[in-house]
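So that you can tell them apart, the chains are marked A, B, C and D in the order they are listed, and the count of residues begins at 1 in each.
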Amino acid sequence: MSNKATAILLISCPDQKGLVAAIADFLYQHNANILHADQHQDAELGLFLMRVEWDLSGFDIDTSDFNNAFSPIATRFQMQWRLATSAHRPRLAIFVSRYDHCLADLLYRYQAGELNCEIPIIISNHTDTQWLAEAYRIPFQHIVINKDNKAEAEAEQLAILRKNHVDFVVLARYMQVLSPDFIRHYPNRIINIHHSFLPAFHGAKPYHRAFERGVKLIGATSHYVTEILDDGPIIEQDVARISHRDDLEDLIRRGADLEKIVLSRAVRWHIENRVLLYANKTVVFD
Amino acid sequence: MSNKATAILLISCPDQKGLVAAIADFLYQHNANILHADQHQDAELGLFLMRVEWDLSGFDIDTSDFNNAFSPIATRFQMQWRLATSAHRPRLAIFVSRYDHCLADLLYRYQAGELNCEIPIIISNHTDTQWLAEAYRIPFQHIVINKDNKAEAEAEQLAILRKNHVDFVVLARYMQVLSPDFIRHYPNRIINIHHSFLPAFHGAKPYHRAFERGVKLIGATSHYVTEILDDGPIIEQDVARISHRDDLEDLIRRGADLEKIVLSRAVRWHIENRVLLYANKTVVFD
Amino acid sequence: MSNKATAILLISCPDQKGLVAAIADFLYQHNANILHADQHQDAELGLFLMRVEWDLSGFDIDTSDFNNAFSPIATRFQMQWRLATSAHRPRLAIFVSRYDHCLADLLYRYQAGELNCEIPIIISNHTDTQWLAEAYRIPFQHIVINKDNKAEAEAEQLAILRKNHVDFVVLARYMQVLSPDFIRHYPNRIINIHHSFLPAFHGAKPYHRAFERGVKLIGATSHYVTEILDDGPIIEQDVARISHRDDLEDLIRRGADLEKIVLSRAVRWHIENRVLLYANKTVVFD
Amino acid sequence: MSNKATAILLISCPDQKGLVAAIADFLYQHNANILHADQHQDAELGLFLMRVEWDLSGFDIDTSDFNNAFSPIATRFQMQWRLATSAHRPRLAIFVSRYDHCLADLLYRYQAGELNCEIPIIISNHTDTQWLAEAYRIPFQHIVINKDNKAEAEAEQLAILRKNHVDFVVLARYMQVLSPDFIRHYPNRIINIHHSFLPAFHGAKPYHRAFERGVKLIGATSHYVTEILDDGPIIEQDVARISHRDDLEDLIRRGADLEKIVLSRAVRWHIENRVLLYANKTVVFD
C-alpha cells in the first residue's frame, strides 16, 4: 500500500537446490532493496513458487532491460516468470447484470484508492446499474444478450475490451455464461464470484439449494473462469453462519455481504500480483 | 446446565392462530414456571415448531399423566409432540473405527459432565481405541466387520444396543456404511460426523478431494443418518481457513479439531432435546 | 423483509407466571396472525423480555387504539412496552467526519432497500463526503466544529435534527465526542461504531494500539452512546484475523470492512426493532 | 509433520541488503535441501526475521560444527540466531490447577503424536487431575501452595524442572501468579492461556466481566509470561460468538473449547520453532 515505486517478480519452476541463492544473489548484485519475499514449495509436485518485491530506487537495471539481465538465471532453472511494477496500473473491465452490490463495492474501493488499477469500462446486459457507473464516472456500455445474438454480443464485448486495452475482467454477478472462445482470450484473467462455497452448489440458484439442503453456513467463492463452469482455480472463499430463523431472502441478503468481501479480496490480490496458479489451484502470497 | 428438574416439550404442527395461547395457557393453568421458550414458523410450509422448558417444581401434572392432560390440545392442533425430562439421561452407544479423536473428545466431555447422558457401550470394528474406553471405564465391544459378515455383524451390534437400552447412536468416525435395515431401527437417532462441508465432498476421502480442489476453507458436518449416504438432516457445520502452506496432513490434523467440535455440539443438542426435524432439515433451538 | 404491514410489540417486565399466556391470549382474541415471536428470560435479574411480530391484516385493533386495549395487561405485569409498525419508517440522521466507508456502505444499503428507514439528513464537520450525499441525493449539512464553538455547533445540530423529525442518529466514524447534553436528547438512540473489539482499546487510535500490542485479531464494535466514552450497551461486534504480515495500514484497511458490516447490522436491527436494552446490555432478537 | 531429520534456523537481525543472498548461498554451498523458508521485514523497526528449514540428509555440516561454520555470516550481519533440529524433542512441564480441559487436550494431542515433545512432569497445586496424568502415564507432582509457602513451593517446582531438564513450561489453567524470580528462570519459555481476548478483561474472572459487559464474542489468548500480568507477547487468539441466550455457565463451557484450541496451537508452534519474538510481539511463521 506504499507509494514507493516497486517491482514484483513472480517465479514458478521445478524445485532444486541453489534456486533461492541464485535469485537473492542476482537481486543483491543489482542493489535491490527487498521489501517482501515469500516462497512456497510443493513437495509432491516438486514445484517452487516465489514472489519477491523490491524498491526500485537504487535498483540498477531498467525495467526494459530486466529480461536480458534475468534470462540466464531463468533459463538455467527453467523458470516461468513475470515482472510487474507498481507503476503499471492494470486495466479492469467489470461485467455486471442486475445485482449491483458487487459493482457498488468495487467502485467504492476503486475511488477510495484501495484497488491500484484503472477501470476504463463497465459492460452490462442490462441498464440497471448505469446510475452507479455515472456516480463514479466510469464509462458504461449496454450490450443486450439473448439466445439468438450471443456470438455477436461477445464479439462486441471483445472489441470493447481490446479498444480499452483491458488486462483482466471481473464478473461482478454477471449472469451469463461466457463461451469457451471468449474465455480463451483472457486465460486466467477473468475473475468470477460464485454465490456458494464451491464445490457445493455449483451451477444455478445456489442460495435456493443451500436453503433447501438446510446447511448451517452459506458461502461465496471467487475463482478464475475456465471452460468448465464453476470449476476454475479458487482464489478466495468465505462463509457466514445462518440459522433456521433465516429465510431465503435473508440468505440472499447475507450472502451479498460475503460476495462483496470475497470478490474484492480476489480482485485486489490479482492486481497486487499475489496470485500464482498451479495444478488448478492458487497460491495467494500475503 | 442447571440442576433443577425440568421438563421439555417439543411440538411440531400446522401453523394456526391460537396455538401459542393454548399452549401457554395450559402451562399456566398447571402452574409451570417457564424457563425457556423458543418457537419457529416456516411461512412457506405453514409449519409451527416449538420448544418450551419449565421447572417441574410446582408443576401440578405428574409426568406419567402428561399425555392425558395434554392430548386435547395436541389433538385440536394436530400436533406431533414429545415430552422429555432432565431426569431421564438418554443412553448413547458410540461406534468408532481407528481414528480416536472424536471418541476421546466425547469421553472427556462425558466425564466432565458436559453431556447429560449415559454411555453404556462403545462398539468398534478395531481394538485401537480400547485403551480410551478403559481409561474412562466404559464397556468396549470389538465386533469384526468384513465383506462377508456384515449382516451378522450388524445383527450382533443391534443385539448389544437392545441389551443396553440404547436411545441413540453416535458414529465417531466409524468407517463402515450402515445398512438401511440397521438405520431403520434408529430413525433420526444415529448421528454421524462427516469430514467435509456437506454437500461438498460427500462420500470417500473428502480431505484428499478438498486438497486437490484447492479450497480455501475445510469443513465438518454432523448430521442424522438416513439411507442416502451423507444426505441426512444437517445438525451442525463449521469450517477452518487453510492456505497453500497446509499440506494434506495439515488438513487432516486441522480437520480433526473441527470434527470434534462439530460432533460434540450435535450430540449435546440432541441430548438436550434442542433439535427438531422437518423437511430433511433441522431447527436447533438455542 | 416482507412487504406485509406488520406490528411489533417489545416488552420488558419482571418475569412471572402467566405472562406469555396473557400476551398470547390477547393477540389471539384480537385475531393476530403471529409471524415471529421470541422471548428471553434473565434468571438472575428475574427479567422477561419479548418481541412479537404479527400481520396487521385481520388484526381487529387499530394502532391508535392499541394503548387502550393493551394497558390492562401492561399494568398487571408492570410492563415497559413499545409498539412499532412496519409502516412507520424511522428517520435517521448520519453524522460523519472524513472517513467515508461507513457512510458509503449505509447509503448503498439504504438505496438497495436493505434499511427500512428514511435518511433526511447527513451532518458533517467536513465537506469530504458531500459527493456521496449528492450521488445518493441525501441533503448534506456542513457544520464546522472547533474547540471554541462546540456548544453552538451542537445546538445547530440539534435544531436540524428536530426540524427533520429525526428518530435516531448514527455516528458513521464521526470523530467528535458528543456532549452529555446532546446525548440526553437521544437516549439509546445514538449508535456509534468503534474501531476495536471493546472493551479492548477504548478511546483514541485503537488500530495503532492493537498493532503495538501485537494482537492476532482486530475488531469493531457498534454500541449505543452513553455519557461514558465507548461504554454504552454493545449491539454487535466482529473480528478479523491478522498476522505479522499486516502493517498498520493493512489493519486500518481491513478494519474498515469490519466497521461497515458491524455498523450496518446494528442499524438494521435497530430499525427492525430487534434490540432491547437491559442492565447496560442488549438483547438482539434475531 | 514429516519424519525426515530436519534443521531449523531462526534469525533476527537489522535488515540490510545481501542478507538473504548470504544465507541462501551458505545453505547452498553446504548442500542443504531447503524445505520451507519464510521471512519477515518490519520496515518501521528496520528488522529482518527469518525461519528456514532444510533436510539434513546431504547437508555437509554436522550440527555440532554449525556454530563455527555459520558464525562469520552471523557476525557480519549482527544476527541473533538459533539452530534447532527435529531430532531434539523439547521437554515440557505442564502446570495445572483444578480445571482439567486444557490438560486433557494437551495430553491427548501428545499421545496422538501431534506434539513433537516430551512431557516428563505435570505439576499441580491440587490432586484433581492426577487421574488424567495416570491415564496418559505422565509423572504427576502435587505441590501445595498457600499464601505462606509460595517461595518454598516455587523453589520446589524449579528443582523439579531442573531435575527433569525441562525446556519450557505450559500453564494449562494454572491459577497461581508466578513470581518474577520464577519467570526469570524461563524467559519467553512459559506459555499461559488467558480466558479472554486480551487486552480486554486481563486479570481475574474474565468470563464474569465479559458477561457483565455484554460482549457479543468471547475470546482466549495464549501468550508468553512476563513479569507484568497478562501482558506478555501474544502467540495466538481466537473468539466465539455468544448471544443473550448464553448465561455465564455457557460462556465458561464455550470458552473452554476456545482455550483448548488456542493453547494447543501456541504449544505446537513453540515446539516447531515457528515463533519469533520482537518488540513484545510474536511473528508466527506458518
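Just so we're on the same page, contacts are C-beta pairs under 8 Å (C-beta built on N, C-alpha and C of every residue); 3 or more make two chains touch, one makes a residue touch a chain.
Just so it is clear, the structure is predicted and the values come from calculations on it, not from any experiment.
For chain B, the chain with the farthest CA centroid is A.
Chains compared, chain A against chain D: the Cα-based superposition rotates one onto the other by 180 degrees, nearest 5. Between B-C and B-D, more contacting C-beta pairs join the chains of B-C. Distance between chain B and chain D, defined via averaged C-alpha coordinates, is recorded as 36 Å. Across the assembly, chain C contributes residues 43, 243, 245, 247, 286 that each touch 2 or more other chains.
If you draw each protein chain as a dot and join the dots that touch, every dot ends up joined to every other dot.
Within the complex, the chain D residues that touch chain C are 40, 43-44, 197-201, 213-217, 219, 233-234, 236-239, 243-245, 247, 279-284, 286.
Residues 17-18, 20-21, 23-25, 27-28, 31-39, 41, 43, 241 of chain A are the ones that touch chain D when the two sit in their complex.
Remark: chain A residues 1, 100-101, 104-105, 108, 112, 114, 135, 243, 245, 247, 249-250, 253, 257, 261, 286 touch chain C in the complex.
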